[in-house]
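In the two assemblies presented below, subunit A is common to both, partnered first by subunit B and then by subunit C.
== the complex of A and B ==
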C-alpha cells in the first residue's frame, strides 16, 4: 500500500488520505463525545477513558472468538455485548469509587489515573501482551475513480485509490450513533434530566432527580460510547492492552478544542482533528504532527479556555 | 524542646540514619537506597508545588527530563565534564519551568493539570523527534570515564551513595528553611485560600511562579543527578508515568509534609520492586495504591503521623 502511494498523484492521494481520515474522525467522534458527555454533565475529567476504549476492543475480540461461526455473527455479538459490558463496569466504578470522592475534580483525576493502571494492567495479566484482530463482517474492496483533464474531463481509476465497504460502514454507524445521542439528549425525558443535572446539580436534586443514578448512567454511557468506537475500529486495527493512550490524548484534544462539555463543538472538532490527522501526515511526520497538536491544545487552554468553537466562557 | 527544634532534630536524625546506613546495608539495598534518595529529591521538588502551594501538576516529568537531558546531551555531544553538565541540566529545568509556569499559571485547577500534562507530552515527543541526538526510547549510556566529578568516580557505589545523600540532604534542608521563610508561608497561605492571600496584598501569581520554578529546578537537579549517577538517559523518564510517580510518592508519603516525599518514595520503590518479581503487570500496584489512598488515606503516611502522633511535623 505504502509503495503504491509514492507512485500516486497528489489529488488521488489527498482523497485517499481524506477517506482514511474520515474513518479516524468517526471513531474519534464517538470516543470524544463519551468524554465530553461525562465532563459536561458530571464536571469531572475521566483519565481512564482511553482504557474503556481498550477494554471495548479486547472484549470485542473475546466475544467474537467465543461465538465463533461466520465473522458477521461474532462481530454482531461483540457490537452488542462489549459496549454494554464496558458501560456496566464504568457505572460500577462510578458507584464504588467516584461517588466516594464526591466528584471533587482533582481527586477524580487522581483516582481515574489509578483506574487507568488497574484496567490496563489487569488486561495485561489476563489477555496478555499480544495484539489480536477481529474479522470484519464484510470487507469488499471498492475502487474509486478520479477526474483528469485530457482534452475534456475524463474519469479514470488510479491504482491504489480504493476503500472498503467496512470502512464506509464504520462512518455510517458513527453518524447513526451520534444522531442517536443527539436525539437522546434533546428529545427524551432522560436527556432532559441529564441536561437539568448539568445546569444545576443541587436544584435538580431538590426537584427529586436521583442525581447519583444519573451520574452512574452518564459515566456508563460515556464509557460505552468509547467501547463502541473501539469495537468498530478493531477489525481495522488490532486489540492491544496499550491501545488506550492515543484515543485518550486525541479525545482530550478534541474535547478541549471543541469547547469543554459542548457536544456539537466536540463533533466538529473530532471531524477537524480526525481528517487533518490523515491529511497533515502527508506533509509532516506523525511525531511532529502530534507535537504541534499537543502544544496547540495547551495554548488553547491557556489563551482561549472556552475552546475554539465555544462562544460562552467556560 | 520547641517544635522547630523537634522538627530539626527529626530531619537531621533521618539524614544521619541514611548516612550511617551505607556502612551496614547489603549491596542490593545499598544501590536501591541511592536511587530512592535521588527520586525522593524529585518528590521533594514535586511536593513544594503540590503539597505546599496546592498546585497539582501532571507534567513534572518534563522538568526531570530537562535536567537529565541538559546534563546528558552536553556530555555526549559537547564533551563537557560532569560539573558544568550538571549545572546546565539544572539551568535547563529552571528555564523550562519559568516558561511553562508563566503560561500554565494563567489557568487553574483541572485546566492547570491538563496544560502541564500536554506540555510534558509535547516534551516527550520532542525527545523522540530529535532521535538522532537523543536516541529516543532506546536512550544512551553515559560512559564511566565521563562520570568522574572532581576526581570522584560517581559510578562507584560508595561515591554514588554519598552524592545521592548530599543532593537529598541539601534539598531537604533547603525546603525546611523555605517553609519557615515568609515566602514559604505565603505559599501555604495561597494553598489554603488564594483569594484571601491576594486580598491581603500578596502577589499570588509571582509567588506561584516562584513555586513552579523552585519545584521544577529541584526536579531537574534530581533528573540530572539520576542520569549522571546511574549512567543512563532515556525518553522513558519523560513519559506520563514519570509525572504520575512523584504524585503517587507525595500522596502516599503525605502531601505538605517534609518527610512525606522520602517515605512515599521508599514505600513505592519497594512495593514496585516486590510486585515486579511476581508479575509483569507490576504497575497494577500503582493503580491500586492511588485509588486506595484517595479513598481512605487522603493525608498519606506523613499526614497520619501528624494527625495522630507528632502535631508539630512540618
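== the complex of A and C ==
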C-alpha cells in the first residue's frame, strides 16, 4: 500500500502540525520573554506589549517597501530597523509615562491600556486597515520524508508533508536570539545590573545603579523582542493593526504558566503553548487551542500559582 | 566627615525625623541609641538618599550631597549595610561583591583587600548569597559595602541574631576600619556592645537628636542610658 497516494496518514500529519507549532512557539517565546523581562525586572504588567509586536510588523512592512529592491534586502533592513525603532519608542514611553506614575503596578496597567489604544489607533490612521505582506527573503519548499514499514524501514515523501526554508530559519533565529538574551542576562555586566535591580530595587540604588535608566532599557528591550518576533512572522502572517491581540493573550498565558519573571520557565511554557496551539489548530480549530491554553492557565493559577518554574514567594 | 544639619524626613505625610543633627568624624565609631521607632534606621536611610530630604543639609567631606538622588549619593562614598542585610539573594557571593565594586569603579585590589578581611567569603565565591549562614550573610553585606571604598560606613544592627563568634568577627572588622580612618555610623541595640566599641554615642528620641556623649564617659553614668532607653 503506497501512503503517498492517499490522504495523509496520522504520523506525517502530526509532523506537519508540529512544524507549524514550532514556528508559533518560536515567535511566542521571543514575545513572551520580552514581557517576562519587563515584569521580572520592573514588576509592572505591560498591557501594550501586543501593540509593540504589531508595531514591529507594521514597521517591517514600511521599511521593506521603502527600501525596495530584492526581498532579502528589504527584509534584512526591516529586521535591523524595526526592533530598534520599537525599542526606542518603548523606552521613550517608559521615560515619559511610566516614570510619571512611579511604576505603581495598578496605575501602570491603566496607562499601558491607554498606550495600547494610542498605538493601535495611530497605526489605523496612518497605515490603514489593510493587511499587508512582507516578502520572505527566501522561501524554498522542502519536502519532508516519513518512515514507513514495508518488510523493512523505508523512507517516502508523503504528498503535502513539507515546510519552507523560511519557517526553519524563523525557528533558528528565535533560538539564537533567546540564547543571546540568556547570555546577556547571565554573563554580562549589564545583565548583572538588571538582575540586581530585579532582586532589590532600593539596594540597587544604594549601590549606585541608575534604576530609572535600567527600567527604560529593560522596557525598550522587552518591546524590541516582541517587535523582532513580529518581523520574523510577518512574511508568514501579514501585518495588520489589530494583530497585537493574540500575542498579548498568549504571552500572558505563557508568562503565568512559566512563572512570573522566570526566563527559562517562560521559554518552556512558550514551547508548550506554541506547539499545542499549532497542533490543535491544525487538527481542530484555533479557538479550541485558545480555550485549552486559557484553561491551563486557570489550572496553574489554582494549583501552582507561582507557575511551573517560578519561585515561591519567600 | 559626615554632617547632618537639622534634617527633616518621613514617609508620605508622616514625619519621622525632626531637625536631627549629627556629625561623624573620620576614624570614629559613632553610635545611635534610642528606643524602637525613634528614627535610627530612618536616619541612615536619609543619609543614603532612600528617604527624601524634606529640610536640612547633609554634607560629606564638606560637599553638600542632600540634593543628590540615591544612586549618585552612593558614588560619593557612602557604604550602606542595611538592617536585615538585604543581599541580592539569588546572586552569588562574587556577584554581590561585583555590584559593590561597580558603584565607584573599584578594582581587583579592593576586592582582594575586602576578601582578606573576610576569608570565609573567599571560600564561597560561587555560592548563592541566600545559601550562606546568617553570619556569612552579614559578612557579605559588610564586604559588599566595603567594595565601594566608603568614606562613611553605615551599619544598621550588624550583629542582630548572630552567634558570639560572628559578632566578634564583625566587631573586629569595624574597629579595624575605624583605625584606617573610615567614619562609621552604627545602630546597635545591645548597650554593652555599643559601649565597648563606640567612640561617641548620640541618643535619638522621637526623631530628634538629644545629647551626644563620649562612650567612655557614658559607661560611668548609667542613669543617662536609663533615661533614654529605660522603660
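As a working rule, the second predicted complex is superposed on the first by the 299 of 314 C-alpha atoms of A that agree within 3 Å, B and C clash if a C-alpha of one lies under 4 Å from a C-alpha of the other, contacts with A are read in each partner's own complex, and residues count from 1 in each chain.
Here is the rule we use: a contact is a pair of C-beta atoms (placed from the backbone, for glycine too) under 8 Å apart; a residue touches a chain by one contact, two chains touch by 3 or more.
Please read all numbers here as calculations on a predicted model, not as lab measurements.
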Inset, instruction - Would you mind checking whether subunit B and subunit C clash or fit side by side on subunit A after the superposition? - result: fit
Inset, instruction - Give one of first, second, both or neither to describe whether A:117 is in contact with subunit B, with subunit C, with both, or with none. - result: first
Inset, instruction - Have a look at where A:294 lands relative to subunit B and subunit C in the superposition and call it first, second, both or neither. - result: first
Inset, instruction - Go through the superposed model and pick first if A:100 touches only subunit B, second if only subunit C, both, or neither. - result: first
Legend entry - Comparison of subunit B and subunit C by subunit A residues contacted: B
Inset, instruction - Could you look at A:205 and tell me whether it touches subunit B, subunit C, both or neither (first, second, both, neither)? - result: second
Inset, instruction - Classify the contacts of A:195 with the two partner chains as first (subunit B alone), second (subunit C alone), both, or neither. - result: second
Inset, instruction - Working from the superposed arrangement, determine the closest approach of subunit B to subunit C, counting only CA atoms, in whole Å. - result: 15
Legend entry - Residues of subunit A touching subunit B in the complex: 45, 97, 100-101, 105-107, 109-111, 113-122, 124-125, 129, 249, 252, 256, 285, 287-288, 290-291, 294-295, 297-299, 301-303, 305
Legend entry - For the subunit C and subunit A complex, residues of the former touching the latter: 48-50, 69-72, 74-75, 80, 82, 86, 88-91, 95, 98-100, 102-104, 144, 148
Legend entry - subunit A residues touching subunit C - in the complex, by the definition given at the top: 189, 192-193, 195-196, 199-200, 202-211
Inset, instruction - Within their complex, state which residues of subunit B touch subunit A. - result: 56, 58, 103-104, 106-107, 109-111, 113-115, 118-119, 121-122, 125-126, 128-129, 244, 247, 251, 279-284, 286-291, 294-295, 298
